[in-house]
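Below you'll find the structures, each written out as structure tokens.
Below, chain A partners chain B and then partners chain C, in two separate complexes.
Here is the complex of A and B:
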């Protein structure tokens, strides 16, 4: 990777690294930690959706597989949670490969529908499996160990998520600019065209699908060990939709777009949650979560109508003009 | 297993009434997809709005008009209001995107946006408490009329219990299908809609306003969904979350039948309903690796396992899901 393209990552990393120095509030850091975990999964989703040209509506399914694999390794086998993270990536990747080999045969919107089905099947199966604790899920998932209890503090975990996120961003940017990345971009423009130029489109698609599954799995592992308990409902269909919203609003075919979209939606979500305190007490919002969803839905529709490429690519295109 | 076999006829009856609902929702998918090429994932939310409006109107009207008329008024209001919601969603969310030549994927995502907004709307207006209405034809009325084989709201016909509401559901499906048949074959608007489905470019050249036809298709689909929502209001909790699961099942049914094929959608719906009911009635099983599994709770996954299987088999046969004949009842 050229140094110039590395600069923004460095800058963003440095700014974000300052956050725990400014505040030690568990709530604030927690918000950032969740946003970071989401961003990892959303970047995975964007890599696949941006290149295969199809929205994936099952990313939460891979997060679920990763989270459960990690939790099982750490609790049932009492092994190191780090091995759990490894198992999370490996299991999600393997499942991604199996599922991908099947559903990537589909094209057009049938592929999107296939991913949707996958996410729902995962959530439904987790509820049925005694080993994964049925509907009540898994509890007492320990934190990762690193130099004693560093990662048991909020700030410590914050830095862990930040490092993983930055590594994911650098690797993804590298991939986008590499030869396989160019092949994938060609795939997005025209599958037949790419094939004519000698790109093995089936293999290229499968690889990026597996990669997106692995990232989803890692995000799931980070989530499980942070929160300490997971249930099948943690990863239900609406979470997949939420992730898709984040990816699509930022710009689905851009790594920065995915990161930006996640930050945007998370920021907005926090702002809306703070809204009732700002409004005069006469104005009452019955359910803040639903109100929030309504605004997300409206933003999603507007962005899709006016900037179908997402915010980040549209902005950069305007700048270049 | 013997108990299961003994209940099989009952399960199939249950499955048919469940499947008729799926078929109604699936018809909505087919109408919209055929005319405007949009896969409208908000179809289930149209059903939810229809059901909630229906319950509200019936509750309000029962005191003044009596139960029978209240159901009629409720149906009418629910269908008109939801039809309006459908037309409005097209005009506000889909038409601007289609005019900007949005891709099929963008339109799917927009339909997800519409369903998020409608679900939130349902919650903000009607709250989180489930409601319902009494059966259209309460068992009490039948007993007073001298029928002896009525238990609760169900008829007993040779060992099989048939909810009176199920009869209404089948009736609604038959009426809807007949109505659509007449509409698409005998009216000018219906023929214009079919023309758009067959070949949008030629239709436009012949002077058919495509955008207006899409608007009608959305209103029509939403109206059908509202009918489905109203008619199951007595059978399951009516709540802002009810649209998601039902919508997805209707969608699976539509895909099973080939998404542009209305007759296929009806068969798809009935088949899915029967499979779900039968699987739900299977005894508890001890599966290797999975432990004890209660099939009733696997129903949710079943629909999608079938969906994936159908899609992949079709694809392997080279049809890419668009099997069967094109639009036209």
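Here is the complex of A and C:
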């Protein structure tokens, strides 16, 4: 029975594993790789914001900390990038714990603003840090090493991200289906109700915040070692907002929703960026990023009105009927 | 005494919600706190279980003062409660609602062990499920275990809260207006459930408006009026107390 509940993970994993066999296009694989990296951070966000119901607009801040920690370990200390990934998770988790201890006394809008502030401060501090190259950031971040140069190929890196993503999905599904996950969903709906049933809500919130920070950090590390260069602007707060949109559209209280929401928004954003080349030259879009934001805003509004639970939970409910 | 309050006082701004309330409740009994609207009954409950920190005085449970303890710590000590305004988890199924309570004393299924789904986690979960089903059956909701709690009728949500509270294996069960909004059939079923809980050796303390229910159920009654204790004792005695009659019916000027 347990095995059956992981069949979808297996199926999705197998289908995605076929992609590099179909195409070797750097652009296509790259799109998938970025989507996968995003999804890891967004699943972390969904655990905190979706399941536990605590808004966060600072997830990109944890990605930044992870990316920089990983890049510092690999370039400044010339250690293995794998140690970088470890350092990324650990540093983000530690910062998450420190920040969470302070900020999680807030709730609702106040917490959203608090986390937003955190994300902005991280980006601002990184811009002032001479050791990590100020605004121009860090370059020549090496790839992870595994059986020679396997991870230096697009297909190799694709499989790495896929494996990490699937592991994150399985661990997250396990979490939400068990005691601590139930406690998080319970405190989402009534904090005092959960508290009076013996749930230490403050600790539970802190733990899931740290977990989401660790996942953000790991995603940051995967990003840094894939692209090879990072700047503070890579992780500015609009990325946090974008991640929240991905989580909300997919369905915040759903691990799958977070993954599919990410794929949907990321795919859409790539399509929009390709739009100017497809349109006749007479039609001009002045600013593609503004246009993209406009489309996202419209989608967000429509989803909130017509399927407030998000795409994935709404679809699965219809299917059950 | 299982639960005692000593000079319990609760002030909100200039309003004195509770004033020097000193009370004690015997183990194994059904006790009730009654009083007209705004008498401070729910405030008394909230101060007893850590939702409010008393302005003065203290609450003592099993000889231990509860001052400064968070509600979840008090729950772990053996106090469970229900809510007048309901605090169910509507998106969770009935069985999940009850399991949250039942899993209180399970310290082994933490974040990491649950993410890895170690064998101990799965077996603990099955135990919790069976226990939860037992409590749902006891309050007559067993056949709706997989329904989302939000889909229940109001009266059933009240009973669900009792099942959920009982799943924490408390020594003291506090019921905040358990009969409010119930039909007379539901009310009779509720009385049977409360008696059965008492017969299992669990002390029950309830706040209630419904005088008939209190007089039929309670072994001991305390009456509050404007935050002050005006009478306490067996129901028959309290019923004929002139101060109580005055508080309920008003005074002729």
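Here is the rule we go by: the second predicted complex is superposed on the first by the 315 of 321 C-alpha atoms of A that agree within 3 Å, B and C clash if a C-alpha of one lies under 4 Å from a C-alpha of the other, contacts with A are read in each partner's own complex, and residues count from 1 in each chain.
Here is the rule we use: a contact is a pair of C-beta atoms (placed from the backbone, for glycine too) under 8 Å apart; a residue touches a chain by one contact, two chains touch by 3 or more.
The shown structure was predicted, so the numbers you read here are calculated from the model rather than taken from an experiment.
Colleague: Please indicate which partner A:110 is in contact with in the superposed arrangement: first for chain B, second for chain C, both, or neither.
Modeller: In the superposition, A:110 contacts chain B only.
Colleague: Have a look at where A:304 lands relative to chain B and chain C in the superposition and call it first, second, both or neither.
Modeller: first
Colleague: Contact-wise, after the overlay, does A:163 reach chain B, chain C, both or neither (first, second, both, neither)?
Modeller: In the superposed model, A:163 contacts neither chain B nor chain C.
Colleague: Answer with first, second, both or neither: which of chain B and chain C does A:279 touch in the superposed model?
Modeller: Neither partner.
Colleague: What is the contact status of A:11 with respect to chain B (first) and chain C (second): first, second, both, or neither?
Modeller: Touch partners of A:11: none, neither chain B nor chain C.
Colleague: So, A:83: does it touch chain B (first), chain C (second), both, or neither?
Modeller: neither
Colleague: Tell me which of chain B and chain C touches more residues of chain A.
Modeller: B
Colleague: Find the residues of chain A that appear in the contact set with chain B and again in the contact set with chain C.
Modeller: After superposing on chain A, no chain A residue contacts both chain B and chain C.
Colleague: Using the touch definition from the top, list the residues of chain A that touch chain C in their complex.
Modeller: Residue positions touching the partner: 2, 171-172, 174-175, 178-183, 185-186, 188-190, 192-201, 207-208, 211, 253.
Colleague: Tell me, which parts of chain B touch chain A in their complex?
Modeller: Listed in rising order, the residues of chain B that touch chain A are 39, 92-93, 96-97, 100, 102-106, 108-110, 112-117, 119-121, 123-124, 127-128, 244, 248, 251, 255, 290-294, 297-298, 300-301, 304-305, 307-308, 311-312, 315-316, 320-321.
Colleague: Going by the contact rule set out above, which residues of chain A touch chain B in the complex?
Modeller: 53-55, 102-103, 105-110, 112-114, 116-118, 120-121, 124-125, 127-131, 237, 241, 244-245, 248, 286-287, 290-291, 293-294, 296-298, 300-301, 304-306, 308
Colleague: Considering only the defined contacts, which chain C positions touch chain A in the complex?
Modeller: Of all residues in chain C, those touching chain A are 49, 51, 70-72, 74-76, 80-81, 83, 87-92, 96-97, 99-101, 103-106, 109-111, 114-117, 121-122, 124-125, 128, 164-165, 168.
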